[in-house]
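Notes to accompany the following structure.
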Amino acid sequence: MCGVFGVYNSKTPAEDTFYGLYSLQHRGQEAAGIVVAEYDENKHKTIYRQHKGMGLVAEVFKDPAIFKKLPGHAAIGHNRYSTTGASKSTSNIQPFSLTYRSGNLAIAHNGNLTNSRTLRKELTERGIIFQASSDTEIIPHLAALSKEKEPVHQIYHALRQVKGAFSLVILANDQLIAARDPYGVRPLALGKTTDPDTGDAIFYVASETCAFDILSVDYVRDIEPGEILLIDKTSIRTHKPISLYLPPSKRKARCIFEYVYFARPDSLVFTHSVDKIRRNLGKNLARESMVEPSNDDKHQIVVSVPDSSNTAALGFVRESNKICRPARFEHGLIRNHYVGRTFIQPGKQSREIKVRSKYNIIRGVLQDRQIVVIDDSIVRGTTAKMLIKLIREANPKEIHLHISSAPITNPCFYGMDFPTKGQLLTYLFADTKDHDEEVEKIREYIGVDSLKYLSLQGMLNSAPRFENETQSYCTACFTGDYPISMDDATTDKEEYDNEE
Amino acid sequence: MCGVFGVYNSKTPAEDTFYGLYSLQHRGQEAAGIVVAEYDENKHKTIYRQHKGMGLVAEVFKDPAIFKKLPGHAAIGHNRYSTTGASKSTSNIQPFSLTYRSGNLAIAHNGNLTNSRTLRKELTERGIIFQASSDTEIIPHLAALSKEKEPVHQIYHALRQVKGAFSLVILANDQLIAARDPYGVRPLALGKTTDPDTGDAIFYVASETCAFDILSVDYVRDIEPGEILLIDKTSIRTHKPISLYLPPSKRKARCIFEYVYFARPDSLVFTHSVDKIRRNLGKNLARESMVEPSNDDKHQIVVSVPDSSNTAALGFVRESNKICRPARFEHGLIRNHYVGRTFIQPGKQSREIKVRSKYNIIRGVLQDRQIVVIDDSIVRGTTAKMLIKLIREANPKEIHLHISSAPITNPCFYGMDFPTKGQLLTYLFADTKDHDEEVEKIREYIGVDSLKYLSLQGMLNSAPRFENETQSYCTACFTGDYPISMDDATTDKEEYDNEE
Amino acid sequence: MCGVFGVYNSKTPAEDTFYGLYSLQHRGQEAAGIVVAEYDENKHKTIYRQHKGMGLVAEVFKDPAIFKKLPGHAAIGHNRYSTTGASKSTSNIQPFSLTYRSGNLAIAHNGNLTNSRTLRKELTERGIIFQASSDTEIIPHLAALSKEKEPVHQIYHALRQVKGAFSLVILANDQLIAARDPYGVRPLALGKTTDPDTGDAIFYVASETCAFDILSVDYVRDIEPGEILLIDKTSIRTHKPISLYLPPSKRKARCIFEYVYFARPDSLVFTHSVDKIRRNLGKNLARESMVEPSNDDKHQIVVSVPDSSNTAALGFVRESNKICRPARFEHGLIRNHYVGRTFIQPGKQSREIKVRSKYNIIRGVLQDRQIVVIDDSIVRGTTAKMLIKLIREANPKEIHLHISSAPITNPCFYGMDFPTKGQLLTYLFADTKDHDEEVEKIREYIGVDSLKYLSLQGMLNSAPRFENETQSYCTACFTGDYPISMDDATTDKEEYDNEE
Amino acid sequence: MCGVFGVYNSKTPAEDTFYGLYSLQHRGQEAAGIVVAEYDENKHKTIYRQHKGMGLVAEVFKDPAIFKKLPGHAAIGHNRYSTTGASKSTSNIQPFSLTYRSGNLAIAHNGNLTNSRTLRKELTERGIIFQASSDTEIIPHLAALSKEKEPVHQIYHALRQVKGAFSLVILANDQLIAARDPYGVRPLALGKTTDPDTGDAIFYVASETCAFDILSVDYVRDIEPGEILLIDKTSIRTHKPISLYLPPSKRKARCIFEYVYFARPDSLVFTHSVDKIRRNLGKNLARESMVEPSNDDKHQIVVSVPDSSNTAALGFVRESNKICRPARFEHGLIRNHYVGRTFIQPGKQSREIKVRSKYNIIRGVLQDRQIVVIDDSIVRGTTAKMLIKLIREANPKEIHLHISSAPITNPCFYGMDFPTKGQLLTYLFADTKDHDEEVEKIREYIGVDSLKYLSLQGMLNSAPRFENETQSYCTACFTGDYPISMDDATTDKEEYDNEE
């Protein structure tokens, strides 16, 4: 998973992109980069400058002097998620910047291409060299090989050839281009302010709208699935970017996991409030829930795994109370907010100290009570197991674990960094005869008194329905139903990797 | 404010202290240090080694190789809070380590001495030199000048001479000493585990019990006000440290602000659960509250300023509902947890971007609703003002700000890093005729529809009463009633400061 | 100017390359990088790993842990010289590593291509994208577009298309390739040791033989002008690399400035001892010299500008004494060897403090004497002027400046980092009527009693004559006679530069 | 060994001290620090600010922003030599800065006290605490305990009590004090310029005069043995510092090793040119020498170990030729000047790679010739042995090693960082019957055809004779005759060390 950001016609594009990336930090903590475009009036050409590095945005851009070296009128930025081995390479830090026959290009990508292996092979056979192992490098190669003259048409040409999930921000000479795949897998939003001096528009593009909020920018609309949006000199005067459209897909495949866990609750994603949908997930979980309050407690104590499950837990409590199953929201787990990327664990390398370093319990809240723990999802299961062990230390009467999504059974090939199938907790219990037995075995493994996953239908009911769409969401990680063709999708990227 | 930690008879004292300081990080983010004692069997003497640095614990101890260079059987550590100018000096990073006539000594201090100027003057007149500007350096000087032979008696002798607030952990040759002033201003707790191989005790001392939880250590009891606790070779076999007592004070003066804001909710402080007391503060705030629900809302929406006010907000909601003033707890503010010490703000140096970088609003929760914002305290008022402005962007119907403590009117001379009196928000409105007018003016300044502070009595009612004590808490910052004599207390430390 | 190094069949290729680059540090101080190839027996493929950075070799590879992450059987490395603006980019740090249709490739280049603009334009028109601004990137593109199957033949194909100066070390999958342009502009030498365990050969390639000395490796021979040398699994058993040859050039164009200044005196360059030729330059300078010893001195005092002119000064003194012009070599200037790349000059940004920070005078040696200062060359003239001013402070009777090369009048387009024509000292006096007047004006500018440049013929007489060659050396910077066609040669690289 | 520097009445005291320390870098590479005094007119007091760190001066003061934070009118600085274990502590980095009854004090020390153990014990018994393990901390303690009122008299009082070697620069409030022990063991020089605006004097104090040269400051005279020099506000107007004198010692004990090896040749040390004396050492070595030129060589080839032996080698050659033993100075060894403090040696930890990383041979100069290698001294002998092995690779006919000092047989207790007696090469052969047999065994060990040390008398004849002095130099390391009483001198400092 990654975060992308772009800005056009700002006097401080590097600073704006810094704040944008900073607010999108949750989408990727491994590396960050900014490319800035400055138009040189005299030479009638655009100069690109960049700064990239491994680490959090605030670490990579620690030195304020960096911003002095990044003047310009437009910029794009990228947060990279921590991914598998090969991508540790610094040569993979985006945005990816280059020169080609039509000038300068820089590209930042959220998503994953599914025909990259085939395209890479074809390009390679034609004599193209690749410097990084990321899918993204394919797109500028295709653009550069296009017969089109205008960069935006070259990009259009390139994107018609790629399959998979992509939300892109691109600098092409002095222009800014934003694009989203026809399935609409990853979010991408358009924002705008008005320059008080000139009355011109300043445009922004971001993975989530929380990046607009930090800059006091207004959210305009989403980049639509299949839309390629061109922002240039004219756009800023007319306040209108120009749109091209890729051939539409039969269905849409918005990633439902963005709502479940990934996006920030204060963002609009796919035009809807994440907070509201996450609350719905909690409400539907309450409706499907089966834990009867114990006789001697007036209320169930509902505890969220902070911070990602807070909203679902609130929805759960509200709905529980509505359907006359008294519940009370409590902060029973405390999260240590100084856990950072650079956190080392000397001496004790176990997962236990990792969990204890991140969470602690409030004994008074948990002791002798019937506890319902709300978590958003279970991936490997190791953290959940340790967390339950930690809660047990408070001697609760019962622990019921409710998950506000369905069991994850399949890897994601569209940009979410799940482990391989074999590393998912469900894989351990894949040979059970039915869902109930599987859940029972997982319950036993994690060590709770009961375990409840939200049903797939419950998830879909929680999210908005888009008009005239037969299918709006991708649920592949829960169902194995992959909406985009999967010929090249493979987790074995190693063959063309150079490690660094 | 600072955090202190000590461990005796561990095989990994440096690592333990790392985790202890890590969990006490909220007590001081400016600098961190560890001193480890290793007893050399052959030479019958103890060697001290140390590592210190500016920054967060995880930054200062980033390199795992540091721990290899810090073997031993005992250690102490210190987190320093961000304080005023002069203390930016690296020579002020604690623990403070030295040699003197009886061997090695290292000391870490949470608190502030109130007769340091007089003592420093006396010592200086006797020809003593000072290398740092901290109060703490006075204590080992007094110990070294004592006629006593045993380090613990020298420390006793020294502590009889100092006035003020101190919770201390001290390494004296191969021994560990913990001490707390007779007023009990700052917390200090004793923990213990048993070495599975030898059956010997391993002892721990920490500012808060959350430092024991991370290490799976059992909380034993508090170091009592006026107690000097000696942990040595004998103690680990008998499982009994030895106690000495300073002359008792007439009253106790536990810092009530530890409960209001400073301590972590998952800690026991002064033997009681911070979470529970913070919840009481919220309940009492609800009882004293006067905001009537608006006619057309079924519930008031209660929003906490995360994370410090979460617990008080939950208590507030519960009590409100009990007294039939329907209220609902909501996460209406999101906190960005990547705000770290190293966070720079390029370009826009205003407080507005600082607030926006730390918090964002959930519009759906706030829009068109009657909002009650619970915050723990108001110091300068600038953040509160900006935060309310941010919430206003969601167009709530009304904003009512409830503070779960009384107005802060006076500086702290016992270790809390409040600004000077002139920088407190209340100073702006000091010439108002009565409390009501003052609150009204502050309400206007911050820009809310109503403002309510918890009364002093409400605060005291929220905290536990200690038997046989006429007064258990220090409330000086709310009342100006300073329990410990204040002759030397001054904010002007500059005269003996060497900056670095 | 740059340094390149390669090793094949070593158990410690990264460490070997580190020492190689370290000893070639004088050829480039701006950046350094190593790429290591490890053959994976199981997968029958080669994995490349790399580490690069800005700064001196010892700085970039400061952390010993780096070497643990760079296992393999072969490696190449590169030192980059401090060059103009655009190349400050980290994306330009070599070796340049990539994947293409035949697998992995990594390339390190010393030299400069003269038809790079044309080739880049052609490639760009075909849709090729460029990520860095260096010439070097062209070569792998050409190789990747070749119809050949074997990497070495692809490289051959590519090198037939490029013009200019190149000494290359290349990793192609598990093979090592070394190549040198048909003119032989830059040096490249082959070294060898024998693995004591297996009897197999271990091969080394380096810009200068001093890189072999540090590793106790035997110098075998030079890579010949136009030779492409392939070292593979077979070579190590047979102790024989395989050679291909590019079409020969009519003349050779070895850079004579390598002998004058650039190479280390302890190296063999172009198969000959740099020390010996530099000594010859000094001898021929003495023969052409015209300073008569002053009457009252028994000896001229000959002082070199340390360390680059030491050898020429010794040759000068020996020849002077032979032709009965008594001279004595003295250390009259001391060089401060702590001047490093990171040296800052607070407060006084003048060139004077730069010169004073680097050199100091020995008054006793210089005072009241007739001084002959030997320097290897004058480029901009500013350092020479300041140095003479410094020597004047010792009150010598006379200062005669003798330069062991001819006046530099033209920029180098083959890899030497001279400034543009307009920045050369000779440009200031370009409109003088003849050589004598020009030298007189320079003498006056620098402020010496007499100035003598070695003649071009004197330089050529100092260097070895290669059999059957009409012209062996490039003297373009002294004469403007550029041996390799110059269509694209331009210092304006800016148009395809992305700054970082 | 260390370097000290002080400046008074400069507008840029921190920058001046930076350049001073930079030019004294050879006297200590382990750590560096600067303390600056700024007089606050309004408060009538002086504020001290400092910056210190481990590493070379240019590394510690890499960030130009440091200098902006160090304004003032006076400063002192210190370079620390790499010493044994305990001193690795950052708390030992000088200058040592503190506050005491009379205000601020900062002190930088070159030398070593010989009664420090006794004094430390006495002070400790009085209840004084020590924070660092260096001798230096004793001096301010003694000053602070003095009954005197004026800092300069307190310092006088303190220095009367200490024994040993000390060249000190001290800031005392707004004054600068320089002091030298009565034996004059370590050098200390006074420099001066005139402020062009005010006509006031600007005074400088430095270990060697090369620190004056870099700043274009005039050398005035040495601080005399036993002199305490006070520079204050009056001095700058009168251009006259005030002098106090410690009781004179019967003899002087200037360290002769400063001339042999330690000082820079371009410095005046003990009022005399180091270059000249080092040249005399070479001349006297030639006079005492016994190597007969081989029959078939016209000249002996004389090679110095660069750079420290260059001057002695030139003197040797000149004298050899004078006494009709034809010799020729050659650069046969090249020194790699990129060897820095941070140099790591991955993989091969042997001394061989260390020597190869630092030196290389010029084969053409050495091959088939009779070589005389001039080195200044032999300490442990390991480097010499490896260096000779390296020279042997060039196949010289014979190698004769001439040392321009006598055999080192005893440790230095006055500040030179020699190893303990047992680590000196001479210790290996201590049981030989006479000097000749000892030299023969060392010759065999190092592996040369002949070995010659300069005699003690030869050394003393090379250095200037000071009028009216029976003994001017300390030769303890050559003779064991320690001029200053040695009661406490011990290499075992460990007992009061806290490591860091």
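Lettered A, B, C and D in written order, each chain numbered from 1.
Here is the rule we use: a contact is a pair of C-beta atoms (placed from the backbone, for glycine too) under 8 Å apart; a residue touches a chain by one contact, two chains touch by 3 or more.
Just so we're on the same page, UniProt names per chain: A, B, C, D = Amidophosphoribosyltransferase.
Since the model is a prediction, treat every value here as computed from it, not as a measurement.
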Quiz item: Suppose you hop from chain A to any chain it touches, then on again the same way; how many hops at least until you reach chain D?
Solution: 2
Quiz prompt | Reference chain B; chain at largest CA-centroid distance | solution = C
Practice problem: Find the geometric centre of each of chain A and chain B from their Cα atoms only, then give the gap between the two centres in Å, rounded to an integer. | Solution: 37
Quiz prompt | Gap in Å, rounded to a whole number, between the CA centres of chain D and chain B | solution = 49
Quiz item: Measuring from the mean C-alpha position of chain B to the mean C-alpha position of chain C, what distance in angstrom results?
Solution: 61
Self-check item: Junction residues of chain A - those touching two or more other chains
Solution: none
Self-check item: Graph class of chain-chain contacts, one of line, ring, star, complete, other
Solution: ring
Self-check item: Chain-chain contacts as defined at top
Solution: A-B, A-C, B-D, C-D
Quiz item: Hey, which residues of chain C end up touching chain D in the complex?
Solution: 12, 14-15, 18-19, 22-23, 25-26, 56-59, 61-62, 64, 67, 210, 213-214, 216, 264-266, 273, 275-276, 307, 310-311, 314, 318, 328-331, 334-338, 340, 342-344, 346-348, 353, 356-357, 360-365
Self-check item: Contact set on chain B toward chain D in their complex
Solution: 45, 47-51, 91, 96-101, 104-105, 124-131, 133, 140-141, 144-146, 495-500
